[in-house]
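Got a structure for you, written out below as structure tokens; questions coming shortly.
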Amino acid sequence: MILVWLIVILMAGGLLAWLSKKVSPELPRWVALGAILLDLILIVYLWISTEATTGSAWLIRYDIPWIPQWGVSFSLALDGLSLLMLLLTFFLGLLSVLISWKEIKTKVGFFHFNLLWVLAGIAGVFLTMDLFLFYFFWEVMLIPMYFLIGVWGHENRTYAAFKFFLFTQASGLLMLLAILGLYFIHGSEAGNYTFNYFELLNTPLTTDAARLLMFGFLAAFLVKLPVVPFHSWLPDAHSQAPTAGSVILAGLLLKTGAYGLLRFVVPLFPTAAVEFAPWAMLLGVIGILYGAIVAYSQTDLKRLVAYTSVSHMGFVILGVFAFNEWALQGVVMQMIAHGLSTGALFILAGFLYERLHTRDLAQMGGFWSKAPRMGVVALVFVMATLGLPGLGNFIAEFLTLVGSWQANNWLTVFATIGIVMATAYSLRIMQKVFYEPGPQQETFRDLNFREMLIAVPMVLGLLWLGLYPQPIIDMARPSITEQLQAYNMKEPTIAEPKTAVLQPEPEATINTNQLAINQRAFSNLQIIQSPN
Amino acid sequence: MEAALLLAGVLFMLGLISVLIRRNIIFMLISVEIMLNAAGLAFIVAGSKWVQPDGQVMFIFILTMAAAEVSVGLALILQIYHQLKTLDSDAANLMKG
Amino acid sequence: METAAPNYFLIIGGVLFVMLNVAAALIWVERRMLALWQDRYGPNRAGPFGLLIVAADSIKLFFKQDWVPPFADKPVFVLAPAIVVISVLLSFVVIPFAPGIIVADLNIGLLFFLAMSSMGAYSIILGGWSSNNKYSLLGAMRGAAQMISYEVFMGLALMGVVLMAGSFNLREIVEAQQGLWFFIPQILGFVIFFIAGIAETHRLPFDIPEAESELIAGFHSEYSGMKFGMFFIGEYMGITLISCMLVTLYFGGWLGPDFLPPIVWFIIKVVAFLMIFILLRASMPRPRYDQLMEYGWKILLPLTLVNLMVTAAVVLWLEG
Amino acid sequence: MDASEVNNVPLWPLLVYGAIVLSLVGVILGLSYVLGQRGKGRAMTEPYEGGIVSEGSARIRFSSQFYMVAMLFVIFDVETVFILSWAIAFRELGWYGYAGVAIFMVMLVVVLVYEWRMGALDFGPDGKKILAAYKRMQKPAF
Amino acid sequence: MSQTDFLYLMPLLILTFAVLISMLVIAAWRNHKIIYVITALSFIAAFGSLFELRTTTAYVIEPMFVIDGFGVFYIGMILLTSLLVSMLSYAYFEQREERKEEYYLLLVLATLGACVLVISTHFASLFLGLEILSISLYALIPYLRTRPRSDEAGIKYLILAAFSSAFMLFGMALVYFSTGTMVFSGLAQSIAGMQELPLLLLTGIGMILIGVGFKLGIVPFHMWTPDVYEGAPAPVTAFIATVSKGGVLGLLIRFFMEIDGFRYPVLVTILTIVAIASMFAGNLLALMQKNVKRILAYSSISHLGYILVAFMAGNQMGVEAITFYLVAYFITSVGAFGVVAMLSDKNSDAELLEDYKGLLWRRPWTAAVFSAMLLSLAGIPLTAGFVGKFYIIAAGINDQLWLLVVMLVLNSVIGLYYYIKIIAVMFQQPETEREPTIRLRPSIYVASAGTLAVLALLLVYVGVYPTGLVQLIQNVLVSVPEIVAK
């Protein structure tokens, strides 16, 4: 029931925020803040209270029938992965409210309504274990996001909002088709028509069907992620959205795609996923390199950051289709770390925009001396983006690369080049904005208290991820093993000769849980070992 | 029997063609009436083929409907003429797109 | 029924001959009678009692210029008078003058009559319209309105007879009056049909479409020569037709005591009605157009409906 | 409605009769065309409008009242069709059919009442109203 | 006919008497409010009478009607929709000079026609229902005589509808000629054994379908839709979009299911093409429009295309999906046009996109309702439209109609574009503050606003918790053997 509350609080909070505008123009901010804070507290409480129980991957489940005729249930479940994503969601949500405090001046009530509903949709996506409900939430988060971009965005907002909406909606509908296809195949094979994730997991599929259905799901997730040919909505949407919108887009919305890959594509269609893996990894590498190159050539700060997302998300797909625990752990870390770091960069861009009313890099420069606090914060953020050891992204990328190396050496090599390029564009930000002398600004305010309140937790979060990621890894492990288990146990014979990933080399296990995954080479990697 | 049906068909086609090529609204209305009556004729033919009164019953219904339609149609045409001073259907075609 | 097949050619020829001549004769009769009632002579020069005036008139009409005004719509202008003659003459087809003396004993005789009589409206509207004359058009519009209005009551009034006879066949209707002429149970229907009949033939006092004093002959202002003559003769044939219908439907047709042959009874009754028509012309003022129309719609129509329902109820009740 | 009955009555006399009538009319028109004199009068090419020189087109517009009559006719004449079909079979239908037609009639009457009240049956100007208006006009004079 | 027959036809009788009574009342005393109340009451009474005839088995009134669950449900749907439309009409017509009372009369009549349509099992009753509906619409569409485009819309609808009726009638005559029966089941029996339809019969059925297609406004018979939607008064447009099309659709389902037309590849192919063409034509043409009513008109064409996808499934699930979708579509359409009606002023309907600029800031609640309706049309979750579209896609996939389903999805995306466009317009800040037009006193709008609120709540309720409705639809379909059998 607590899971339902997580969503309901946000939705109700959204409505309340909208209505409370009548009472006072400032009230919506407080209502929104309160709602998200409440959720954050709840999720942290969940985190703390469930740490001890490590039996099953699933910590809490909640099931009530919704549309029994179609086998749709209101089914929520929480595992480590979801928990982490929710943590990220509410954390970034909280920051979004804070950064909008001064930035959003018009239609405050409606803004917070949309904000909270996006978060509710995202939370729903991370929680639901019913494919119908999943699609439902998948769509629910679009509309408010559309409004966030379309109403409070920058000059080209309508176009950007449209593009965002059409891309995601179109791909989402393909996913809907795939969901339905799966539903009917399962129904006709197993006799009971249901959208329940756990039951659909065991659907026997012919190769062709699996391939088609997987592409349906992939369409939605790859667009959302985004992977290179489908990325064109992202720079527009990110750069046009208000800061909070950008943060949520980059920090959370992209993660729903990654989450979908982890949660649905791999477990539901193991065979097809393995078949597709090389291509997917190739796409990932292309994304990494392309994103990095294009990012380097941007003059618009937010666009630059947007392209870094493309690049970083390449690691996600690379990792997901590497099919081993390192890679997957890397992916989870990447999701969280990137959520923080990119969110942070957008927040930075927002700060700059508030002061300069431009996102053009050419208009900036020399702020290091004028705003030292901002400079330091920015330095941390940028370093996180380029993957400096000690910060979260390093762990993530390192793990991913380690995992993918086992799967595909050459692609990993290229992906590593991407990291090098990340250094280039990241440093370019610092260079352009803070060091290089730029056009003279009369006054340039340093970060104030509220802004520090936003920036410091981010810095801390990034540092924590980099220095002590163990809790995250522990938390995610059961889920990851479960995903991998589904894939490894069910089809032991698939594609044996083709891919390196699949060679079963059961020697040691990371976890007490029974895994049959490949581990020989790195079994003593300490960060992965659970301390207890 | 088939010949009568053919006649109905020819009538129907005549009406159809003239609805399509006529530009005067009144004539279009008349052409539609011709089509309706062709249908009525076809019903009567069918009714007499099966020796049932049903065909004629349907014809009476058609008659009624045609009458009602014409009375509304005429009123509308009057109104259109009143406003546009023409009954050219192209001239009356203001809504486009 | 007669077993011997009737000689249809004889009947056809007889009906046509008689009707055309009756119509012509009626012109004379009317003029004589009007004169009588109005205390003057009437036509009295040509032949005995001026009887040859009819022949003189028709010869004159034939030799008159066959004038089609240049502003008229020519084909329609010519067609209009033809329609009136054709439709009225065709109506006689279904009238049973006597047992066996009927051109076509259609079982939808009554409907045939109604159909033909509605054709009359065409002749008026076409004639008036094609004349391209304001008065003609006015007359035509009025005439058409009047005729189609009274058409309704006429048809509905006849339904009373149909209910009682259970047939549309005029012969059967006459035979159904063996015991009692429908004139008695259907007195209301009779009156309505009579009035509607006058209106249908646009006879005085309902001669609104051609009212000389206001419309200078209305729809046939522009007509002359034989085309006018056809309108003219059509009107008299119309009177004859309505009289025949009245007799057939309400006054037992050829029925009558045996001392006279059926056809004679029929003729006597028809002539009586013809006289009444003429008498009406002599005695009634012409109502206004709106009075006429309102009278029809507001009084006759409800009455016909009442008549219909009462008749049906009574018939059903009587027959259990 | 019995199909066999129709066939008993020979239809050819009707056709012959019709043909004769048509040709008769044709002959009359033709004869008068052949026999009629030719010539042109002074005012023969103008419409005769009571001796007054015709002004403007004769295609004048009419009161919509006439169209109203047409519509009324259409409504009620078509109703007649239904009553006709009932009348021919009303013995077989009995009281049941009577009830049906009675309902039908009620509808007709309602329509009639409605039209009456709406003024659809008022042809021409309302004399009483004109009189009342006239009296109102006259009043200040007194 | 027996006494029970009358009981089963009670909704129709109630409507008929409502017409007569209102007519007399109008004759006696013209009063907008009274007629309005009579209309609303009669709809409610007719709806209430439906509860008397909830049957598990079909009740047949030979040979014209069958009152089964399907019919009762559709009648109920039609009645409720009409009720809602009439509720929305009061404020709309109150501010106009024309005689208002007859509008309700015609509305009830049209509803009656639609009700007859959905329970008919005979060509005659089909025709009667269709014509009662159509002829009322002929008068309803140009009801506001002084509006510039109303006559045009009226005459266009009249000529095309009569044209399509002629097609339909001729088709019926051909079918009758070939089979000697006009009852659907008789027709079904006589063609049950045929693998291929003879040409005459096929032509006949084809022409009937053409007629139906015209009324539904599907490609290639869609030309009238935008013009009529634009020219008709907003409540009437709502009525056309919902009741008129729903009634005809109900009939189509019954007819096609009964004769099992899905056996014939020719018909299936044609319908498939029509469905795809409707979706595309509707959506693509809607993209270019600047007039909200026209956009909604074109979107209705595509929605009919969507419905045809489920129709092509030709099984119980397809019918369920159509029915559900119709419910959703009814709610949505009435809501959308209700908003249009509510925003309309004395001189013109609020139909240009301009009229909606900044609506969200001027009238937030109205704009919110309108957005909800548009989102529902677009098939976005939390709305009834989403579940409906889901249902349709499910039905399509269940029957392996991949082509149609993919087209549907593609079109959904295109459709999104213009729905969102309208919403985007509502969010724009108007350049100039619009002068508020002189409006009636607020109390008059209570009915409209209330109706819109009810619709919005229904929309969300059905969107969030569709179980009840699905259950209901599945239950009522049980009594229709033709549908359940498949």
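Odds and ends about this structure:
Every chain is named by a letter (A, B, C, D and E) in the order it is written, and numbering of its residues begins at 1.
By definition in this document, a contact is a pair of C-beta atoms (placed from the backbone, for glycine too) under 8 Å apart; a residue touches a chain by one contact, two chains touch by 3 or more.
Computed from a prediction, not measured in an experiment: that's the story for all the values here.
Listed by label, the chains touching chain A and chain B alike are E.
The chain with its CA mean position farthest from that of chain E is C.
Chain centres were defined as the mean of their Cα atoms; on that basis the chain farthest from chain D turns out to be A.
Every chain gets a centre from its CA atoms, and the centre nearest the mean of all protein CA atoms is that of E. The greater number of contacting C-beta pairs, out of the two interfaces D-E and A-E, is seen for A-E. Averaging Cα coordinates per chain places chain A and chain E 43 Å apart.
Put simply, the C-alpha centre of chain B and that of chain D have 22 angstrom between them. Separating the centre of chain A from that of chain D, both taken as means of CA atoms, is a distance of 82 Å. For the pair chain C and chain D, the distance between C-alpha centroids works out to 15 Å.
Of all residues in chain E, none touches 2 or more other chains.
Across the assembly, chain D contributes 70, 77, 116 as residues in contact with two or more other chains.
Listed for chain A are no residues, as none touches two or more other chains. Pairs of chains in mutual contact: A-E, B-D, B-E, C-D, D-E.
Taken in their complex, chain E has these residues touching chain D: 1, 20, 23-24, 26-28.
For chain D in complex with chain B, the touching residues are 1, 3, 64, 67, 70-71, 74-75, 77-78, 81-82, 85.
Within the complex formed with chain E, the residues of chain D that make contact are 96, 106-107, 110-111, 113-114, 116-118.
Put simply, chain E touches chain B in their complex at residues 123-124, 127-128, 131, 134-135, 138-139, 142, 145, 148-149, 151-155, 158-159, 162-163, 165-167, 169-170, 172-174, 176-177, 180, 182, 226-227, 230-231, 285, 288-289, 294.
Of all the residues in chain E, the ones that touch chain A in their complex are 360-361, 375, 380-382, 386, 390, 393-394, 397-398, 405-406, 409-410, 412-413, 416-417, 420-421, 424, 427, 465-467, 470-471, 474.
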